[in-house]
Amino acid sequence: MIHPTAIIGEGARLGSGVKIGAYTIIHDNVMIGDNTEIGSHCEIGIPSTLSDGSPLIIGKSSLIRSHSIFYAGSSFGDRLSTGHRVTVRELTRAGEAFQIGTLGDIQGHCTIGDYVKFHSNVHIGQHSVIGNYVWIFPYVVLTNDPHPPSMVMMGVTIEDFVAIATMSIVLPGVTVRHGALVGAHSSVNRDVAADTVVAGSPAKYICDTSAIKLKDGSGERAYPWRRHFHRGYPDDVVAEWLAEFSASSVI
Amino acid sequence: MIHPTAIIGEGARLGSGVKIGAYTIIHDNVMIGDNTEIGSHCEIGIPSTLSDGSPLIIGKSSLIRSHSIFYAGSSFGDRLSTGHRVTVRELTRAGEAFQIGTLGDIQGHCTIGDYVKFHSNVHIGQHSVIGNYVWIFPYVVLTNDPHPPSMVMMGVTIEDFVAIATMSIVLPGVTVRHGALVGAHSSVNRDVAADTVVAGSPAKYICDTSAIKLKDGSGERAYPWRRHFHRGYPDDVVAEWLAEFSASSVI
Amino acid sequence: MIHPTAIIGEGARLGSGVKIGAYTIIHDNVMIGDNTEIGSHCEIGIPSTLSDGSPLIIGKSSLIRSHSIFYAGSSFGDRLSTGHRVTVRELTRAGEAFQIGTLGDIQGHCTIGDYVKFHSNVHIGQHSVIGNYVWIFPYVVLTNDPHPPSMVMMGVTIEDFVAIATMSIVLPGVTVRHGALVGAHSSVNRDVAADTVVAGSPAKYICDTSAIKLKDGSGERAYPWRRHFHRGYPDDVVAEWLAEFSASSVI
């Protein structure tokens, strides 16, 4: 299961059933959970003087695709799944089933909840705080410096169920609240209220998310997206979501 | 011609004169045409359960630069040329002389014509349909989900001779018609008429492409660009373009 | 110090104390200064017919992180520092202590001064001219073709101490003057005056940089940033900056 060309540090602790691809390097200070697969050409657990000496922890049943790079000192729950050539720096903590698309760049010192999904090529600045069930789409940047360059770091906060569409940025210190949608190609310079849509540069309130209909001919509401979009979420979570809407439809 | 460190699957069919660089992996379900060169550190023909079992087909006389990744189940005509670290997922079909710049990310299920050129770092969403002689510039994203996340997929259509300038996005279901130009840093949310320029966010009509003059002191028209820009196109195609404008100038 | 899997061209000239990581390729026409470290999976000194036959020169005490790609024919002063998977094409000349973030793409034929810092994922078009102490933030693109595609190349000029914030583009031929700040998500289509802030698409004058206060509770001016931001600059340079402001505060 370990390709003969893989270079595995003596201190690395690999669970049972772990697969490591060709030409991949696993450094010493790494713990990889059972049944996790790491593709070719990766570099996993790079030591960093910016970290705190803690290991890189990758949960069970994860998949890290080829050409990816992880630093020591971050930890990921079970079922991490990445695209190719992602980069994750030190001291990030993520929950279960975190998904990072190809080319994603997580700068470190971030806190990320469960079932968060990043599409390709996002840039997550240091000190970002991201809740659960968040979606971030391609070329989105979460920033942190209000007057670059400076020593002031104001990470952004993204609450549960938020979706941030393609090529948008969130400016330092901003909070995007529960269930909000940031339209594509937007620049968000102040807090976004829960369950609202903002768009533009600077982003302005467009409507409540409840006003958007699915373009599938059903006439149903597109948001909260957990009403209709369930791919990749566990059955018990989906059952809870469905119960929520079943109950609310009575009212 | 095959570097001794390259790992070649037993089922891979390599044409004559094929070169494979160091530390590159060629999986089994791959057909590579004669005289094609693949650089170092690539992973070519990754199997995918999202594909249909068909092989990855790379045409003759192609050049895939280092650190690139192609999945099984896509096909490319002759003279494919890529920059470094491109990623191409499954079930994309491209014509001849397709050019993909460094960091390009083609999500799969796309249809791409002949002589299409992508500059660096474009993101082409699933179900995009792209004609012939199209140019797409850096950090352009072609999207497909009208209310993310959802199961609805509305790919964009880009017709022949269109140019989409840097850091623009095309929203789901939009068609950009023959010869149009999308200005830089634009967000295109509705169809663009042939031979017009749109720009802004949301993009608005600026002028006809015929109104733009070349900034080379000649005073000539900059569009259709095939009047003056011929680098990399075959002689017979260029001759046809020149004949077109020679004829029209009589009128 | 040279990993046994590294492939070193016979013509490559490596200084004393040079380290080369696993699976890295060093081509022939390369000169690497003393005590420089190159990470794993790199390809350094790729020959190019677009170059002039000159070697790739990397100064002393540099650090090139893993998966990076440099072409022959560019030169870098001492203490070059890169993130992962950067790409630098031919005929670029950079001064001392140049820093390129992860995923940076320098297209070649650029002139870059001393102590220039690129954050992650910037795209620097051919013929860009960049002064000293410049900052360029993620997803910024410097362009060069005023009517793409064409043979006309109008590189941009970025003067000393300029900062260009995230996801902005600078259009062909534009000059951004000494100490100016380009706000995030902007499109700069004409020259920017020294020590001013521009933002928007197209970018417009917002204020003088002197009007922006530090958000650290001090009430001090945020610009010129060299008043307060000194991390990574040598002591003698910082002393000169401090003397400048000490003198001016007397007046």
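A, B and C are the chain letters, set down in written order, and residue numbers restart from 1 in every chain.
One rule holds in what follows: a residue touches a chain if its C-beta (ideal position, glycine included) is under 8 Å from a C-beta of that chain, and two chains touch if they have at least 3 such contacts.
Which chain is which protein? Per UniProt: A, B, C = N-acetyltransferase.
Quick caveat: nothing in here was measured; it's all calculated off a predicted structure.
Taken together, the touching pairs cover every possible pairing of the chains. Two copies of one sequence, chain A (N-acetyltransferase) and chain C (N-acetyltransferase), touch each other mainly through non-matching residues, since under half of the numbers at the interface are common to both. Taking each chain's centre as the average of its CA atoms, chain A (N-acetyltransferase) and chain C (N-acetyltransferase) sit 28 Å apart. Looking at chain A (N-acetyltransferase), one finds that residues 23, 41, 67, 85, 103, 121, 139, 167, 201 touch two or more other chains.
On the chain C (N-acetyltransferase) side of its complex with chain B (N-acetyltransferase), the touching residues are 5, 7, 23, 25, 41, 43, 46, 67, 69, 85, 87, 103, 105, 107, 121, 123, 139, 141, 143, 146-152, 154, 167, 169, 171, 187, 201.
The touching residues of chain B (N-acetyltransferase), counted against chain C (N-acetyltransferase) in their complex, run 5, 22-23, 39-41, 66-67, 83-85, 102-103, 117, 120-121, 135, 137-139, 163, 165-167, 184-185, 200-201, 212, 214-216, 222-223, 225, 228-229, 231.
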